[in-house]
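Before I ask anything, here is the structure I am working with.
Per-chain residue numbering starts at 1, and chain names A, B and C are given in the order in which the chains are listed.
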Amino acid sequence: MDDAGAWRLIVSADPALYAIVYLSLKISLSAVLAAGLIGFPLGALLAFSSFPGRGAVIVLTNALMGLPPVVVGLCVFLALSRSGPLGSLGLLFTPTAMIIAQTILIMPIIIALTRQTIEDLWGEYRNELLAMGLSPLGRLIALLYDARISLLTTLLAGFGRAAAEVGAVMIVGGNIEGFTRTMTTAIALETSKGDLPLAMGLGLILIAIVIAINASTWLLGAFARNRMG
Amino acid sequence: MAAITNLPLLLRNVTYRTGGQTLLDDISATISNGAPTAILGPNGAGKSTLLHLAMGLMAPTGGWLSWGGRTETSPIRRAIVFQKPVMLRRTVRGNVTFALSQAGVPSKELENRLQSLLQRVDLVALADRPARRLSGGEQKRVALARALAREPDLLLLDEPTADLDPAATRAVEQIIAGAAASGTKILMVSHDAAQVRRLAGDILFLVKGRLRESAPTTKFFSETATPLAQSFLRGDLLTEA
Amino acid sequence: MKLFPALAIIAMTLTSAAAQEKSITVASTTSTQDSGLFSYLLPIFKAKMGIDVKVIAQGTGQALDTGRRGDADVLFVHAKPQEEEFVAQGFGVARFDVMYNDFVLIGPASDPAGVMGSKDISGALVKIQSQGAPFVSRGDKSGTHMAELALWKETGIDLGAMRGSWYREIGQGMGAALNTAKAMQAYVLADRGTWISFKNRDGLTIAVEGDQRLFNQYGIILANPAKFSWVKKEAGQAFIDYVLSQEGQRTIADYKMEGQQLFFPNAKH
């Protein structure tokens, strides 16, 4: 494969390449969505709640933002392996296992950034919301709703980490061709096969996709900010 | 349910201390139905603190308050406009609709109530603008609309026209006068004697956390009893903390 | 936020995992995958039997470990003593020879140890060690790593004692080891299949080949359904039967890269 190999793959609409891109996006977007559904409420809850050890929990979530993907992968692998506690589900080496691993990987980012965002917004909104007699649940919903543009950026941070990591999906997905092979595991594979131009080409495609997603989210945010303030 | 009212608002020996400072010291007052009551005083007198306590946003460290005989603090039929109101990150319509639905207005009445409120504060033309992009005077009117959405019988206003130009001040004062005329009791903080003279029926005069005088407006301005109040009205005391 | 499309994606993912009924998981080695054998063989098998084969390419040691955990239906690896131990311990049903190729000693074209063209792997290794020429070891308990250790043992060199900066264990797969050897101008033991299909060869060349001790046998094992009830034994056995059949063996022999046959079938019939 010459230097133009990757681009020839794109131009020739190589179905295997599209399958890999599709799977990467499906897995990382699903993980971002799942982490958002769990992480937004948890982060917001952490923002208002007060309990002994809250500071320790905050420090821990902040620290876990730098969780090594390979450690997450190993833990999920051990849990989902047939000899592990969740082995009977038969999820190891499936896309679902990869979504689970990436969800866990980015959850701390979502929780930590959501907590910070909601805490700042709560400081600003506190008196107004209390004066309107909002219940704790009502406050949670109102704050999450009004922080939605910042939270979109939080999701992007999570997506960036999910789309870029290789350690976790390699271990729990197994890099099975046509089934659990993603952009990053394909890059690792092509590198190990010595096909550095193809690996680099795939890397450029990955970067282009991440830029496209960030750009469209930014436009969406700018539009929303313009409409809603 | 119509039985619930916030009036009279009683303050009995209300004291508020924080961080080693006494912001309010042994204040007793009765706020009853009628023309607006103004809390007048120099900066640092504790006026805003008193208003926050009257809203039930914080509890006094000494003494007690009651609203129409209730000591429970949930803000039923009570509303406040802060000195720097915070606009929700929504449109004007979104801000007022949110206040309406929090006040328990059924969804099928929302649009009608919204339109009448926007007319009342003259914001119909700006309904779809992001509230945070409005001018200070326009934001004050959004905050007034949100407060009026609660159909309050007690409306608390903290420096409602501070930082506004004369035209915006006039617009806000008209809204306040309209609310008062329709039976809402207004308790407002001000350090603008002229405004108090225009709007208020009686005055609580606060200096350094203590209630120094409590009198009908006409009496306060014609025969102020205390030397402090006289000095305030001459303009000597505006910035004393 | 638009929840429904995203939820649909998750649901689709979950169901697609469940829908892959006729599929088996094969724990195999990087050499069989990186050489492209599976990409050639598996579509032919699928067209015939309708069974999807999902290959996890690992080092032989790790692949056997995957089998010990019950995470694979079939093992397709190349370290006969360890494979026989695996079966003896009850993790596998039986082991069959499938095919062989050979290892080659790869080195820099400059040949600092002066071993080029030799047919004596032991002598070459002794020269490399005595001259302190850099040598890259997989160090990952793969079949190739175990074969390399066995070759060192035969030379009588005690690696534990003689280990120095010349001997570099990288703990990675075959391709990574070749990339490293190229970057360090080092010698490395590789299987011929991976070497032929490796793209980043410039400056590297075969230094030693053709020694009988460089023989590299591949075997196939069905995970033991008596131990792991979830093993897909019919589909797994069908794959094994196919690979060992005359047709399967011919398919393996037919796989060529750059005109060279990479694997030589030797199943016993």
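As a convention for this text, a contact is a pair of C-beta atoms (placed from the backbone, for glycine too) under 8 Å apart; a residue touches a chain by one contact, two chains touch by 3 or more.
All of these numbers come straight from a predicted model, not from anything done at the bench.
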Overall pattern in which the protein chains touch one another (line/ring/star/complete/other): line
Dominant interface by contact count, named by its two chains: A-C
Chain ID, smallest distance between chain and overall C-alpha centroids: A
Chain whose average C-alpha position is farthest from chain A's own: B
Length of the line joining the C-alpha centres of chain B and chain C, rounded to whole Å: 79
Gap in Å, rounded to a whole number, between the CA centres of chain C and chain A: 33
For chain A paired with chain B, centre-to-centre distance based on mean C-alpha positions, whole Å: 46
Residues of chain A whose C-beta touches two or more other chains: none
Complex contacts: residues of chain C adjacent to chain A: 1, 6-7, 9-10, 12-14, 16-17, 20, 25, 30, 34, 38-39, 52, 54-57, 69-71, 172-176, 178-179, 197-201, 228, 230
Sites on chain B touched by chain A in the complex: 52, 55, 57, 74-76, 79-80, 82, 85-91, 94, 98-99, 102-103, 130-133, 146, 150
Touching residues (chain side chain A, partner chain C) in the complex: 1, 26-27, 29-30, 33-34, 81-84, 87, 90-96, 99, 148, 174-177, 179-180, 189, 191-196
Chain B-facing residues of chain A, complex: 124-125, 127-128, 130-134, 138, 142, 146-147, 149, 225-229
